[in-house]
Structure formats: structure tokens, C-alpha cells
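Below is one structure, written out as C-alpha cells; comments come after it.
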Amino acid sequence: MSEVMLKIENLHVTAEGTEILRGINLEVGAGEVHAIMGPNGAGKSTLSNVLSGRPGYEITAGSISYFGEDLAALEPEERAAKGIFLGFQYPVEIPGVAAMSFLKTAINAQRKLRGEEELDARGVMTLVQGEAKKLNIGADMLKRSINVGFSGGEKKRNEILQMAVLQPKLAILDETDSGLDVDALKLVGEGVTALRAPDRAMIVITHYQRLLDYIVPDFVHVLAKGRIVRSGGAELARELDQLGYGDLAKVPAA
Amino acid sequence: MADRDMNRDVMNGPGMAEQAWVDALADRAAAGGAARAAALTAFADLGLPDRRREGWRWTDLNPLRSGEFTTVAPKNTGKVPPELLSDPFAVARGHRLVFVNGYFREDLSDTSGLPEGVLLGSLAAAGEQCDPFGPDTGFSLLNQAGATDGALVRVAPGVALSRPVHLQFVNMDGGCHMQTQVKVELGQGARATLFETHDGVTDAAYFASQLATVSLADGARLDHYRLQDEAKSSFHFRDLRAALAAQAGYESFTLSTGARLSRNSGFIRFDGAEAECGYHGAYLLGGMQQADTVTQLQHAAPECVSAQNFRGVLDDRARGTFQGCITVEKPAQRTDAQQSIKALLLSPRAEQDAKPELEIFADDVKCAHGASTGNLDPDALFYLRARGIPQAQARALLIEAFVSEVLDNLSAVTLPQDGAGQLRDGLRARMEMWLAENGTGE
Amino acid sequence: MAASQDTIEKAEALGESYKHGFVTEIESEFAPKGLNEDIVRYISARKNEPEWMLDWRLRAYRRWCEMEEPQWAKVDFPQIDYQDAYYYAAPKGYDDRPKSLDEVDPELLETYEKLGIPLAEQAMLAGVAVDAVFDSVSVVTTFKDKLEEVGVIFCSISEAVQEHPELVRKYLGSVVPYSDNFHATLNSAVFSDGTFVYVPEGVRCPMELSTYFRINAQHTGQFERTLIIADKGSYVSYLEGCTAPMRDENQLHAAVVELVVLDDAEIKYSTVQNWYPGDKEGRGGIYNFVTKRGACRGRNSKISWTQVETGSAVTWKYPSCILQGDNSVGEFFSIAITNNRQQADTGTKMIHLGRNTKSRIIAKGISAGHSQSTYRGLVSVHPKAEGARNHTQCDSLLIGDECGAHTVPYIEVKNPSAQIEHEATTSKLSEEQLFYCRQRGLDAEAAVALLVNGFCKEVLQKLPMEFAVEAQKLVGVSLEGSVG
């Protein structure tokens, strides 16, 4: 196994008094792609929210270590600057803030937090336009308010664009396939695959196997009732696609 | 605004108008117990409002200051013209209370077959009065001092009135005033439908004032529909105070076509969480008529929903005014409050004034209001005419569609299945009557 | 410190004579506390005003004595004692002012830093001595030459009374009469100075005019009076204020601005108001009671008010348009931000008198901390205003649960062909949006600034370019400490 990037141990999380994650254990190494699958309500989105630091979740037991550092102690923006990227299931609309200027603000906020030199407008523009082209995102879309009036496919492509531009170390993609038609799915899937790199890990959260036709995972984990109930290789996803979650969800964790 | 101070009004000498009212009501107030006497004293102190008082800047009250209406209407026990006793809502088999000149007429009323736990009848007979919450106005105090009678609707917890209650107020004489009250109390989970009609003899010039209190306990539901078609030279002032407990529901719609000057004022307070209120109305006016609509929806509890939709149609020199305030107090988080007022001006001399106001002290709320004024869309009118519909009919069609935006959204959940449809038909029939007489254009 | 060194050199370069002259003048300009007819006469005499000007001031003063202070605005502050104030060149402002930037409140300097204000300007804004103002003398001269070439008159109102009495007599008080309202009437009696602009027929003013670059407008104190006239077919853009908070000792500001626009002419008037708002507990701060009104007298005339109001403890201000000329246009674009204990009651009046007159209102209110923000407006369509149009949009944003946002629009329509639309919404800063921004690496304050700037975008776009960038920064700075 390559260098361990993320190590989750016995993670218990509650939201509004209800325990949602009940003892997650997971190790993610550099360059690896992990798929997390599971039925609705299994705790998939909670896991992505806790990793990125969304307010409203309480870690009651266990730990998350990221490059040996306790992740729970960091603010969301500090995690972002350290390379954690969350691709939102429902990207938020922000009226009045153009997609391009949002990216510029985000890039430079992260660079500043890391103590790096900020990029000027031209630098950002060159960077963004190059990546945008690959994802079939036109200049027009970058001028519009971020996600406002974007179609489902546009929102998700915009998320992948941000990922490409921000160059994270750990990308968590939360149900990136939801709301996409076949063409958009292909575009997004290929976009993500192109971003695979030896020093970058990904956690792909999905309900269905179809996204994994485009992003072939190294590991597949099944999450049910707040625990990982089974782990395997890419073939596990296809097995699930044929058999469904029915039996697995019933199996208590070891 | 800055120039408001310049809108000063000529008064008939300080306190003179008020003194005439005090003199006229002194005997009645003295005979009616401490509450009435106290109301009259408070009235003498507060006085009638004038244009300098916020909320009255668009209303000329000089006719009510003239002393013309200070006489109490005579008791009328005679025959009432049948057209004044018709039931525009076509809700036969309903319970009915009739008041003529402000006095209960048992002979014309029908309270038979009431379910157990329902009290329906004359307030005076029950020895009761409205006890309104909220700020006093000169008119609310006058009413408390001098009301002759009114309707009492009290429904015990858990009881549902399956048949609607029709409250009918008929005014037969001019040169006097009629003051009535409506007191509605629904216990926990109780349900009722209330229809209210206000009519008067053609050409009679009178002042009709009504104070209404509605108290809905947890989960109670009241549907309340009103037709105000008072005589064209009369004055009609109505002052509602409604308090909603948790999960209570209240739907109200008033169609105003009558009176020279009418004022429909509603103060609705959300005391319990998750209560819902739809408070709506429409006014169709011609001639020199003026209708004031005043609403104050006070959200004091969390997660309540309120919707207000008003439509005004103004012909000739008619004037519509709307002053609506939504207040969201600090505890009222997750309030969803919406308000819309739209007016159609059909004539060059018609006027619409509006003041849709928001007062928000809680941060997690969804509040919106909209107001618009305009005339009939010439494109739509032309489209209809191009399809062969004559001008007058096309106008009528568009006006009806304009008001129907509100009518069609009445839910009328306390009525039986086909009841909501009947209600809309009844209101629409009234609208068509008005359109036949007005609003069909030059 | 570099700034003071810089300043000393500049002052020396300007020579002794100017310095002395200035000091002497200060010492001689002094009126006792309080207000009465003698003070009004004193002010007029000090300015060597003609008889008609004094008469006008006296009429205003007598009228003011009969007036009551308005109470209807949704603002709450202790009763002002009008006899306990200086009405002419209050000397405390000069004696108390800091000698160098070292003496200025470090928090204020930190704010300048964030706004990227150059040191020399920082000194001027903070009121450090008079010399900082000298820095702009050369700028002013350049300006004046260029304007004189095209015939634009741009001077102090006192100067205009002397040099252009016919214009001042014709237009002063023609939009805001001396009897208009309590604060405007007080201003009419005692106004100290202000700006006068006249743009002659057919002239497009070659540059943005701004009080910022006119030295004598810097210390005109509590009762500024501005009069701008755009003659037929002319255009002028006027900028008032600056983006950095002005250190100011005066608690009460009662300014009057009058605009007159003739046929086919246009005035664009932009304000960034960032007076001292008081501290976090609401101590101190300016009471800003301003009457601003423009008359679109001519056909096809246009007035556009854009304001960014972030300062003052109490703001009471309704820049308005009287749309007299047929086809005239009035616009009001406003951002009002209140934080801590600030209170703002602001909006506009659009009075439609002429045919086919149009008005547009976009008001964005942002309340944070314990503040209260009110939009109050009037759209009035008179019977002859055939074809009048108005569209009003008022959006309020609440940050935190201790503040309030209120909307009080009055709509009066007396013409059936008028189309009037009003929309208002109130919402809170969304947790979802905040988290989205933070996930992408923005800290909480940067996220708030970004989201609020997005909320205000439509109005920020209306500002002249060089102002817009600073105003954007100001939005962020004004809301510091409002989350987290």
C-alpha cells in the first residue's frame, strides 16, 4: 500500500442527537480511488460532510487523521487549503457572484492560507480556461452567477472544474452522478478520471454503479446503517448492481 | 415621509365630534356595565383618528365627525325585503343568525339542529361582549361602548360544525349608526365555516361598525367568507382581531362592493407554532367609493405560515387603499409570510394607494410582498377582441380572471367536497353582478 | 513616521504665507454656542453675503423655530439639544485633531489598510492637521483649468453666492424649499458651505466631479449645502464622500442636496457614506439627517442616485426625484449596511408628474449585529402622469438573530395607465452558501463579504468603476465581526 493519506478509526458521528455513523474504519492511500456505496440513509453524505467540516455534526468517538494531523480540529477553509475538496451533491447557488470570480477568490484564499503567492487575474484566467475547455464549459458559463440557473449537468461539471483548478490532494465526490444524463455522466466521469494522479486520492460516493463505469475504483466499500459492512475491489460494485443492497444492509458489521 | 406633516386636516374644533358621540352613547354605556363605561371614557381620551395618525393618512373621516351618524339605529321588527335576506353563497341548510339594524331577529334566524357543544346565538342574550386584544382605536372603543348586539359562535373542543353558519347583517335606516360584534371561539381541534353578509337598503346613509374577535385553540380551523354589499352611501367599518394557537388554521376572504367608505381592518396574531392563515380579499368599486384594507399579521411564534392576497378593481373615481404589515418577532423563526396586492385601474380618475410593510426581527424567515397597479393589458384585450369577443365582454373576462387568481386558491377545507366550488360560484356570481353594472368600460 | 515626514515636506514646499493665512483665518472664525437670529446674521456676515441670502436664511430660521423634529422614522436616539452646538466653524474640530497618524485610533488605521488607502489620504481622512489637504492642491488646480475650458462652474457654494448670484438665486431652494422639513430648514438657516456645480447647455462634463478633490469641502462641517444644475443637453457625474471612514467630531449632520436637470440633461449622483458609526456598544457616531432631492424639470431629463450607506450611527435619508418633464427618468440604487448598534432609515421618493415618466428603485438592505435597517419609500403617480412606470425591488438580508430589517413603501397611483410594481423579499445569509464558500477555502469573513457583494451586485455595478472596487472592499469591512 502506498503512503496513508487519510485514516479513519472507529468514527462515531451524531447529527441533531441521532447517531448516523457508528464506527467507521477506513484507510485511503495516495493515488487510490475508493468508492463508497450504500442505500439511502446509510450515512454516505454524513461521511463526506464530516470530512469537509460542515457544521452540525458531532464526532462522539473515534478519530480522523489526515497526513497524521487531526482533521476534526480544523475549520472547513483550513481543510480546503490543505487539499480536501468536496464535490457537492447539490452545489449551492450564489446570486451575484460570477463563477470565474468565485474561483479566483477561492484559489487565492487557499494560496494565502498556505503562504503562497496569490495569482493575478490573468494567471487565474489562463488556468481556468484551460480546464474549462476540457469539460466543455464555455466562457459564458463562467461569467454567470455561480450555479444560478445552471442545469444539473452544468452544476456538476462546474464542480469538477473547480476540482481541476484547485488541485486537491483528497477529493470527495458526493453523489456526483445524481441528476446527470448519460452524456453528462460520461463527461464528468472522464473529467474525474483525467484528474487521477499518484499523489491524489479520491473518495467517490455513489448509490449506483453506473458512475464507476467511468471512474474505475481501486476499492469499493459498502456502507449500511453507519458502518462499512463489506469491502472489495471494483468487481464488488458490479455484484451490488446485480444483487442490490437488500442482503448486505442486513448484515451486521464484523 | 417628510411632507406628511403638511397633510394636516381641518378639525371641527377640538373634541367636538368626539363629544357628540359621547353624548349619544352615554346612556347606553352607563346602562351596560363597567366595561362599556370604561370604553366610552377611553374613547373620549383617545378621540377619533385623523390623517396625521399613521394608518389613517388616506382616509377622510370628516363625514363621521359631522355628527350625522351619532344617533343609534332604531330597533326594526318589521318586514325585511326578501332580496336583502337572500343567501348569495347558496348554502341552503346552513344555520343562520339575522341582525336587522344591529338587533338580533330570532324570527328570521334558524339555529335548529346544532350539534352538541355548539353555542350559536345573540351576544346580548348570552350577556357577553367581545374582548379584543391589540391596540384600541377610536372606532373599536366606540363599538365596545355602544354595540347593540352581535353573534356568538362558540364550538367546544373536538366538535366540527358540518353545516356552515350564515351571519346576516341587514341595515334598514339612514341617518344613524349600527354597531355590532362577532365573537368566535373554537376549542381545541374544533372546525367551523362562517359566511357573513352585510347589506343595506338602497340609498340609506348610515354608519355600520363591527368589531369581531376570533379565537382559535390548538388545531382549530375556521373558514370565514364575507360579502360586504352595504348601501352605496353608507359607511362600513370592520375591525377584526384574530388569535391563532398552535397548528390552528384560519382562512378568510372578503368581497367588498358596497359602502361609500369601507374599512376592513384585520389584526391576526400567531401565538402558537405551526399555525396557518390565509387572509384574502377583493374590492370592486365604482362611483366615488373608497375601500380601505388594513392588515397586520403578527408572527409571534415559530414556523407559522401566512399568505395574503388582495385584488382591487377600481372604476370611475373609486379609490382603493391597502396598508398591510407583516411583523415577525424574534421568536418567530422559520416564518413563511407572503403578501400580494394588485389593483386594476379602469378609469382615468380612479386611484390606488398601497403600503405593504415588512417588520422583521427574526433572521431565519421567508418574507415577501409584492404590489402592483396597472390597467387591463391592452394586448390581452386585443387578443380577445381579435377572436371575436366584444370589448365589454372581453374586459369583464379579464377582470374576472384577475380576481379569480385569489378566488381559485381558496381552500375552504371545512366545507364538504363540493362546497369550495359552490363558494367560488357564489362569489363569482356577485362579481358578475358588479361587472354588469360597472367596469365594462367607456 | 513616513507619513508625517512626507506631510511636513509637502507643507514646507507650499510656503509660509499660505500656512499663516490659514491659521489666522481659523482663529477669527468663531461663533458662540447655540442658535438664534444673531448667529444666523453672524454666519451670513462672516461670508459677506448679499441681503437676499440673509433674508432667506432668516425666513428659514423663523420657520424652523415653529417646527417639530420628525418622529416617524424607525430610529431611536437621545433628544438632540440644538442649543448645545456650534453653528459656525466649531473650533474643537481643529484643536482636538491628531497631530500625526501616530495619534489616530489604530482600529481606524487598520481599516484604511484593508481598503488600500494611500498614507497621505489616510492622514487627510483621519483629520491629521491641514497639510494633508495641501497634497491635493495641485490636483485641484488641474481640475479647475480643465473645467473652465468647457465652461463648467465647480466651486464652493459660498463662492457661488459671490460670483454667480443669479444662478444661486434662481435655483437655491427651488427643489428643497427652506420650509421643507425640520432638518432641511435648519440647514437653510445655518448652512456653512458646500458645493456648487453648473454645467452649461450641451456640455458633457469631461471628468467625474467629486468633493473628495475639492479642498474647501473637506471641513464644511455639519450643514453642507450642495446645488447642482445640469442645463439643457448636459451631463455630469458627481461623486460624494469617500470609501474610508471619516474621523469627525460633529455628531449632527443635516445636509441638503438639490439637483436641477433641464431638457435632455442628466445628473448621476453617487454617494459612499462611511461616517463614523459609533463603537460596538453604540457609543458615539454621527447622526446623518440628509435631504436630497432632484427635479427633472426638462423633457427627457434623468437623475440617477446611487448610494452605499455603511456609516453613521443613525441615517435618515431619502434621495428623491420629482419627475416633472415628460419622459423624464428617476433612478435610485441603494445599499444600506448596518452592523453593531447602527440604525438606518433610508429610501426614496419618486414623484411622477409628467407623461411617460419612468422610475426604478433597487434597494438592498443588510442588517447585522444589533442593528436596525428600514427601507422607506414613496412612489406617487399624479393624474397627469400618463404612461408612468415604476419598478421597485427591495431586498433585505439578515445576518444573525439580533437585528431587524423593515420595509415601508408607500404607493399612490392616480392614473390608470401607470404600471407600478413593487417587490420585496427578506432572507437570511444562507448556511449552505457559507459552507460552500468555506469548503472552497474562504474564511468566514471573506465568505460573508463575497456573499453580500453578490447580494448587492446590481447596485455596485451602478457605481463609477473606481468607486466600485473600493465599495466592494468596504462591504466586507463594514460587516467584520458579524459572523462566527
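Chains here go by letter, A, B and C, matching the order in which they are written, and residues are numbered from 1 within each.
One rule holds for everything that comes next: a residue touches a chain if its C-beta (ideal position, glycine included) is under 8 Å from a C-beta of that chain, and two chains touch if they have at least 3 such contacts.
Note that the structure is a prediction, hence the values are computed from the model and not measured.
Asker: Between chain A and chain B, how many steps is the shortest route if every step has to go to a touching chain?
Answerer: Steps on the shortest route: 2.
Asker: If you average the Cα atoms per chain, which one ends up farthest from chain A?
Answerer: B
Asker: What chain is most central when centres are computed from CA atoms?
Answerer: Chain C is the most central one.
Asker: What is the distance, in whole Å, between the centres of chain A and chain B, each centre taken as the mean of its C-alpha atoms?
Answerer: Distance between chain centres: 57 Å.
Asker: On a C-alpha centroid basis, what's the spacing between chain B and chain C, in Å?
Answerer: Taking the mean C-alpha position of each chain, the two centres sit 45 Å apart.
Asker: Indicate the whole-number Å distance between the mean C-alpha point of chain A and the mean C-alpha point of chain C.
Answerer: Using C-alpha averages as centres, the distance is 48 Å.
Asker: Under the stated contact criterion, what part of chain C meets chain B in this complex?
Answerer: The touching residues are 68, 70, 72, 180-181, 184, 291, 318, 349, 376, 378, 383, 396, 398-401, 403-428.
Asker: Which residues of chain A touch chain C in the complex?
Answerer: It comes out as residues 52-55, 75-77, 79-81, 85-86, 88, 91-97, 102, 105-107, 109-110, 113, 145, 162, 166.
Asker: Report the residues of chain B in contact with chain C in the complex, numbered from low to high.
Answerer: 1-5, 54, 330, 333, 343, 345-375
Asker: Using the touch definition up top, name the residues of chain C that touch chain A in the complex.
Answerer: Residues 430-433, 435-444, 446-447, 450-451, 453-458 of chain C touch chain A in their complex.
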